[in-house]
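What follows is a short report on a single structure.
A, B, C and D are the chain letters, set down in written order, and residue numbers restart from 1 in every chain.
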Amino acid sequence: MIQVTVIQIDNYGPWTVTPNPRRESDLQALQSRLYGDLNLQFGAHKGLVFYTRFDNLIAITNGIDLETHRRIQDSIKNRYPFTISMGIASAETPYEAQKLATEKIQEHGSAQDKYRKEVLDVANDFILEEGYVQLAHIDINNVTKTLTDLESAYDAYLRINEIHLRLIKELKKYGAMVFFIGGDNFMCPCNGMTESDFIAIFGDIKDKTGVQLKAGIGIGKTAEDASNMADIGLELIREGKVEGQVCTLNYKNYNIRRKFNTLCPI
Amino acid sequence: MIQVTVIQIDNYGPWTVTPNPRRESDLQALQSRLYGDLNLQFGAHKGLVFYTRFDNLIAITNGIDLETHRRIQDSIKNRYPFTISMGIASAETPYEAQKLATEKIQEHGSAQDKYRKEVLDVANDFILEEGYVQLAHIDINNVTKTLTDLESAYDAYLRINEIHLRLIKELKKYGAMVFFIGGDNFMCPCNGMTESDFIAIFGDIKDKTGVQLKAGIGIGKTAEDASNMADIGLELIREGKVEGQVCTLNYKNYNIRRKFNTLCPI
Amino acid sequence: MIQVTVIQIDNYGPWTVTPNPRRESDLQALQSRLYGDLNLQFGAHKGLVFYTRFDNLIAITNGIDLETHRRIQDSIKNRYPFTISMGIASAETPYEAQKLATEKIQEHGSAQDKYRKEVLDVANDFILEEGYVQLAHIDINNVTKTLTDLESAYDAYLRINEIHLRLIKELKKYGAMVFFIGGDNFMCPCNGMTESDFIAIFGDIKDKTGVQLKAGIGIGKTAEDASNMADIGLELIREGKVEGQVCTLNYKNYNIRRKFNTLCPI
Amino acid sequence: MIQVTVIQIDNYGPWTVTPNPRRESDLQALQSRLYGDLNLQFGAHKGLVFYTRFDNLIAITNGIDLETHRRIQDSIKNRYPFTISMGIASAETPYEAQKLATEKIQEHGSAQDKYRKEVLDVANDFILEEGYVQLAHIDINNVTKTLTDLESAYDAYLRINEIHLRLIKELKKYGAMVFFIGGDNFMCPCNGMTESDFIAIFGDIKDKTGVQLKAGIGIGKTAEDASNMADIGLELIREGKVEGQVCTLNYKNYNIRRKFNTLCPI
């Protein structure tokens, strides 16, 4: 079971053009700051937030209770010119969890309903002890030499967007999500997927685009633990310390360096 | 002529994993803050920055001189754990300008060359007086009711990514770029394009996906002037004050409310 | 017992002038951002930070354990061009606690020792369950009409500084600290002090300066709980709901609206 | 002539307690962020802002015109839960300038008038070409060894506050202001003062407190130029490259390394 929080700025669209359209550089500064703050504040409790559409954000929040959500919601109200609503849900797959979480917000009214403010609702029980997060940190082999140093900044960006969309579509079949996290990096909440699933997807993308992807897969009680494990897995592949393009590490077993249902020789 | 600045964090990839992979929520907070700060600092001089790949950003900088670039570069060094390089170029189309700008950075070495630091180089003369910026602010008709309030947060995100990639590919044919700026909004530097070009592209996307796009197109001496005009054009369409899905406004003529080569009845 | 954390930027002075003095507006932006971030990050765990000297900050951290301190220390390293050291201590009075906490940092070397980095040391046991925080939120009666709307901005500032220094000196006799928190507001960690102590100090300041101070005093397990109670106490005085210039509320008893060793009729 | 801008948050006090007192750590994060942003945004035009009372700030703004002020005012409205008012004035001394600037705000109503919003008013003509800024960057000799490494964090803070208040009172006699800028540093806008004035004041403070102060004094067209010169002057004293405790540098003459009415041998 993974716990997902969907965060939505209340009635944001109308605000951006009232009384006149607001300066775009200010809006970009505002939205990126919200994203950064949410990462610091959920991050303080080992959660992880993805910017998604900036006015609708998706967070992995295993281990984070309702009171903490409410305190973050208050903090945004206290410092921003708008408020946020949050829906929280748990499910076997990340896709299913975000779907339930979105529905909890939608039940309370439209994103542009001016009376709907600071929704905080939960689809099902909180996962405080049980449950886990599985994250795949995916990147492109040799991206600096083959893309960044070679192509124009915009062509590299185009390439990243192509790969991202392809990953989104493939991974959705497994109930997984995948978000761009900068550079050539993608973070993929993927509870329930196996290494073979990733190997198959990466092989297919390699055949169709010539781009070789790799992934560290991390498993932990929280998004932070899982993401740390995924990062270390990715480093092991980069450094040639494991064979193949996928390496899974489980936070629980990491200290005793046991393998967790994985091809990765640790 | 449009002036584009390509901004690249120096040797960022290796830093993110030295000595160990850094916490992902911190990196997301750091990258989004850099993006926000660059928008405030270029925005102070009427420029506009797009996050692009977060470690490689693209800015529209007409009217912003070399000293101002250097002062922004210094300010980042003074407040961040890394430095940035910048390449600046002007061209008839945005795509061409970013290509020249990227090359100026690449000439000085790899993005992961640890000795290449704080490049600041210019491909050709600065556009201080001559030149102009043309920006199209594109959004999706009725997105709240058809997407945000109806679909799950992730499916809406998927949809936005599909449309974005389609726009990227179509607009590149015209030498234009297009960036996601949150919600259902895209900003498209598009010097040289006509309203008919957009009408054709939007018609084609409507046929293939059922999604109707619209665009306010703004023209001005700076990114801020152009973007303000584009925003007002989009509002005129939203409010039904102009017919069709495209409306162009020119900052120069805006006060005397004359039309600039446009279907838009102002 | 109150728990205090002293935070010190490592080797900051030399950095600000290497290789040349850095732009002052950047340094002010950097220092204020550090202060804001530390408040968000300790605040996520119900702590409260005071800017103090900006490169040496003092935080009230009851209930915040060593691992959380370490994670905040890491987060600063991950996002700033410098690192921070922290000393943690508990004592009967705030003054004594900060003294012990400072000593834990000083033991490891000079603030400008370039090899002393990221000290994290604890003077005595962590207060996780036992212990409490007592905070007095002090302000000036009728400051807007008597000062802000009447005097020049700088004279008002001078006045605030005079009152602050007077409070610092008086309160130190009781082992209490007092920090400026904006406007005409001071926050005073004051475990062990009584309402009579404050009444005596305020009477004395009234006699000598003509300025009438008041204080909401809050007691709670954490800085946040205590500070919320102090704020409510201050509001009760402002609204004339209690008599006198001091009102104490205890978080533990607040819900059942009992009085806690206080003149305040709640 | 020095140009000063007084910045005031509109109706801030009531907002902080509506509908209930807001969390103190959030308010501290909010206020420090405003301070940081104003420094970045005025800093983009070579101005410098001092936090003063956080809800009332004082900036040195020579060379910054009305439109730029308005754009900064808009940017705050676009990103914060409140708006700001600004009064701008020029005078022979900093104190006189801030007094005139404050009056321009006060004329429009009380700081807590809920209808008074976004005042932007100018007492006299803008100083765009003529005028200059003189800043003294003052610090304490050997502060790390005598204070930071020796005393408790709070006692060092007490000491800094004492010296600050003493400086405020002494310098006001000369029409100068002095602000704490972190560590053991003070920044003092001091148009019209001479090196002898500072030498006399520092001698007096040395006699009474045992603390030896020194100052780099910078002169330039903008706050940034003056502050850079002041910083370099201070470095020259620190490095023993000039005799005495005061060194003045003038930006205009700096490149040709001539002396400007100064004991400093450059």
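FYI, a contact is a pair of C-beta atoms (placed from the backbone, for glycine too) under 8 Å apart; a residue touches a chain by one contact, two chains touch by 3 or more.
Protein identities per chain, from UniProt: A, B, C, D = GTP cyclohydrolase III.
Note that the structure is predicted; figures quoted are calculated from it, not measured.
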Chain whose average C-alpha position is farthest from chain C's own: B
Classification of the chain A:chain B interface as same or different, half of numbers criterion: same
Equivalent-chain rotation between chain C and chain A, CA atoms, steps of 5 degrees: 180
Centre-of-Cα separation between chain D and chain B, whole angstrom: 36
Approximate Å spacing (C-alpha centroids) for the pair chain C, chain D: 24
Residues of chain A touching at least two other chains: 23, 26-27, 29-30, 33, 37, 40, 43, 71, 75
In the complex with chain B, residue positions of chain A that touch it: 6, 8, 12-13, 17, 20-21, 23-33, 35-37, 39-40, 42-43, 47-49, 51-56, 58, 95, 98-99, 101-103, 106, 110-112, 144-145, 148-158, 160-162, 164-165, 168-169, 172, 177, 181-184, 187, 224, 227-228, 231-232, 234-235
Of chain B, residues touching chain C in the complex: 22-23, 26-27, 29-30, 33, 71, 74-75, 77-81
Chain A residues touching chain C - in the complex, by the definition given at the top: 37, 40-41, 43-45, 68, 71-72, 75
